Structure formats: C-alpha cells, structure tokens
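Worksheet: the structure to be examined is printed underneath.
Chain IDs A, B, C, D and E follow the sequence of writing; residue 1 opens each chain.
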Amino acid sequence: MYFGKVIGNIWATKKYEALFSLKMMIVQPMSAELENLGEPIIAVDTVGAGPGEIVIYITASEAVIPLPVDFAPVDASIVGIIDTINLAH
Amino acid sequence: MYFGKVIGNIWATKKYEALFSLKMMIVQPMSAELENLGEPIIAVDTVGAGPGEIVIYITASEAVIPLPVDFAPVDASIVGIIDTINLAH
Amino acid sequence: MYFGKVIGNIWATKKYEALFSLKMMIVQPMSAELENLGEPIIAVDTVGAGPGEIVIYITASEAVIPLPVDFAPVDASIVGIIDTINLAH
Amino acid sequence: MYFGKVIGNIWATKKYEALFSLKMMIVQPMSAELENLGEPIIAVDTVGAGPGEIVIYITASEAVIPLPVDFAPVDASIVGIIDTINLAH
Amino acid sequence: MYFGKVIGNIWATKKYEALFSLKMMIVQPMSAELENLGEPIIAVDTVGAGPGEIVIYITASEAVIPLPVDFAPVDASIVGIIDTINLAH
C-alpha cells in the first residue's frame, strides 16, 4: 500500500457501467515524510476521503476487493485515512 | 486508473482469436494537468472513445473485466471518457 | 498491451514442465514510433511471430490466457502481429 | 520478493473493514547489500516483525495469501524475517 | 519472463508457514546480453538452479504456479535454466 493525498476528483459521463456508482478521486502519491512522489493517479474512494486528506491506497488486483460492485474495472482504491505515521529511523 | 489521450489505433490481421472483435487504440499516458507522461501503450476501447479524447484507462488483471469476451489476453482497457478534472491543490 | 519487435529466442533444456511445449522469444519493447524502449524481455509466442516482426505483447496475469496449456508460469505473451499503426497526433 | 527494513508503522482509524485486525508497517525497500532503495511503502505484517528488522516482503496479488482474513485489500505483506544473506558474486 | 543470474541465497527462520519448504535464491536481473540490470530480487527456485547459472524468472501472480505448495505468498520464481540465447538483431 502507498501513502497519498486526495487532491481532486474527476467526472466522466460516458463510462463502463460498473463504474457508475463509484467516486473517482485524484490521488497524489507521497513519501512517508509526505513529500510528493511522481504523478497523480485516479483511485476509487471506499472510505469517504475528502480533498487534502492523507490516505492509504492500494493498486493492482486487490483494488477491486473493497468495492460495493462485483467485477468493476478498477486498479486503484483508497482503503484508509491515515491518522499517524510513526517513523523509527 | 490513469489519465490518457487516444492518439491512434492499430491493425493486426494475425492475432489471438479472442482479440478479433476488440478495438485496439493507442493511448498516450498523461498527467492530471494533461501533459504527456512517458510512452504510448495499446489499450482496448470499451466506451467508444475516439482520437483526441481524454480517457480513464486501467491496467493489469482488471482490464479484462469490461470486455465482451471471456478470457481475452488484454492488460489495458479504456473505461471512461473524462468530462471534468477538478484539482484542489 | 505494448509494441515490441521479435529479436531472437532462447533455449532452456531444464525448465518447469508446463513450459516444454512453448516457444520463448526475445522481444525488444518499442515505442509507437518503433524506437527501442528499455531492455528486451522473454515472451511466449502464441501467433507464429518470427524474427524482425513488430508485435503486440501483453504482460502480467493475462499472459497465461492464450496459452495451450493450463497454469503455465508465464508473465509475457505475444498476442498479435501488427500490420498498421495509425497515429493521429 | 524483496529485501526491506521495518522503519515504522501507521495508524488509521477510518479504514476498510477487512483491514481492522492487520498491523500496517512502514517498510524501506533495500538492496541485497542492505542499502536503501527508493521510497518506503506500507506492508501488512504476518510474521511479527519489529522496527529495524530486515525482512522479505512481497507485493501484488500474492500479498493477500498470508492474511488471516479473506479478501483484504492488501497489496504488500511481510512474509519472513531474514537471518542470513549469502552473496556468491 | 526475464533474464537473471543466481548470485546467492537467503535464510529466514521466522517466515510464513507455506514458505518453509521453498529455496529462496537471490537473482540479479540481466539484459539479453547478460549485463546486470538494476537490483537483485528474491525468487523461489523450482528447477534446481545454482550460483552463477543464467536463468529465466517470472514475477507477479504466475510465480505461484510452479510451486509444490498451494497459495504460497511468492511473487517471483525461477522457471528455467538458459542454455542458449539467440539474438538476431
């Protein structure tokens, strides 16, 4: 799983049917120190994350697991909102 | 999921059977600000996207989910046409 | 899916059983303009592609779908030979 | 599988239900010579690894296999604590 | 699939149960011309590969297919020992 920040959302009227009920957020990948890493991706929100919140997101096959619909074509999902990051190094 | 722009298509007469009915588009990956990112890939169109349109595409295992055929060897699909990108940062 | 060129093949006498009947080709990844991109990989041929041909190849889980054997440990397959690339940009 | 070092953990009160019982650790990817490689990720601990320990972690679909819950949305797991690295080169 | 060279192995007393019977080798990814590419990874040996041997390895979901145990959390496996690399370019 990765660190990210919700920085926006997208609207798409014309889309694959199983995506209709899902909220598509723009997520900026971040480091553990919360610096931006690379380019934003699109992830489906499953926990009610809003703009500016630091989240945990997952990618690949597992991203479909938390969705309320079966077999949605989704490869990235927000699965948690981070409260605390404890770094021991 | 990722931002992309449809920039062309490909023809392949000789191909694996399950691919015959599918439209193979060339998609340029893009940033959330719609700048080109890296090299174009080949993705199957599932929403009727045409040249120049800004789309959402997915990769990996989930890419087979929206296809009308079972078990097609496909690892990238266009699943939506983007109307609006709202960036809050 | 990705653009590639078949640039050779490999022989491996000692290999996992399900791979015995498969042709393992060396594929150079390419851009849509057919310039070399990064390093060659090994992909299983499913369409009779020969040296010098421009092909479509897929990676990850879907690569096992076109194979004539079940459960082969394969993560890259050639699934089409490209006739024409139409670029609109 | 990859080499990594446990460098911290995260707390997330609001998260997808199947994640509630899992320990989410921050893992710094490392080389075989134990130098840092790129940015830390979040991985679920399945073997009782603590801060500073050198571990084996896996990514992608297989990461859900060692978990005590079914269908958890997890794409990285710690699956072993390394005792010895034998390099022959 | 990728080219690699076996350059060592690792020992891990404390590990996820399904990994106990598996040999974990350190594999240096290589180019088709057998130059080192990036950093070594950990892969499970399924063909009896020893130090210094040039091998084919696979990654992602397919890596579990050749294993003698079900549902092992493994994302990289050695599936062949290369005898000859024929490059036509």
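Assume a residue touches a chain if its C-beta (ideal position, glycine included) is under 8 Å from a C-beta of that chain, and two chains touch if they have at least 3 such contacts.
Being a predicted model, the structure only gives us computed values, none of them experimental.
Shared contact partners of chain C and chain E do not exist in this assembly. Rounded to a multiple of 5, the Cα-based rotation taking chain D onto chain E is 70 degrees.
Spacing of chain C relative to chain D, judged by their CA centroids, is 32 angstrom.
Contact of a single residue of chain A with at least two other chains is seen at positions 60-61, 63. Because contacts link each chain to exactly two others and close back on themselves, their graph is best described as a ring. Each chain touches its two ring neighbours, and walking from chain B in the direction of chain C yields B, C, E, D, A. Within the complex formed with chain B, the residues of chain A that make contact are 5-16, 18-19, 24, 26, 28, 39-43, 51-52, 60-61, 63-64, 71-76. Contact residues on chain D toward chain E in their complex (touch as defined above): 1-3, 31-32, 37, 46-48, 56, 58-63, 65-66, 77, 79-89.
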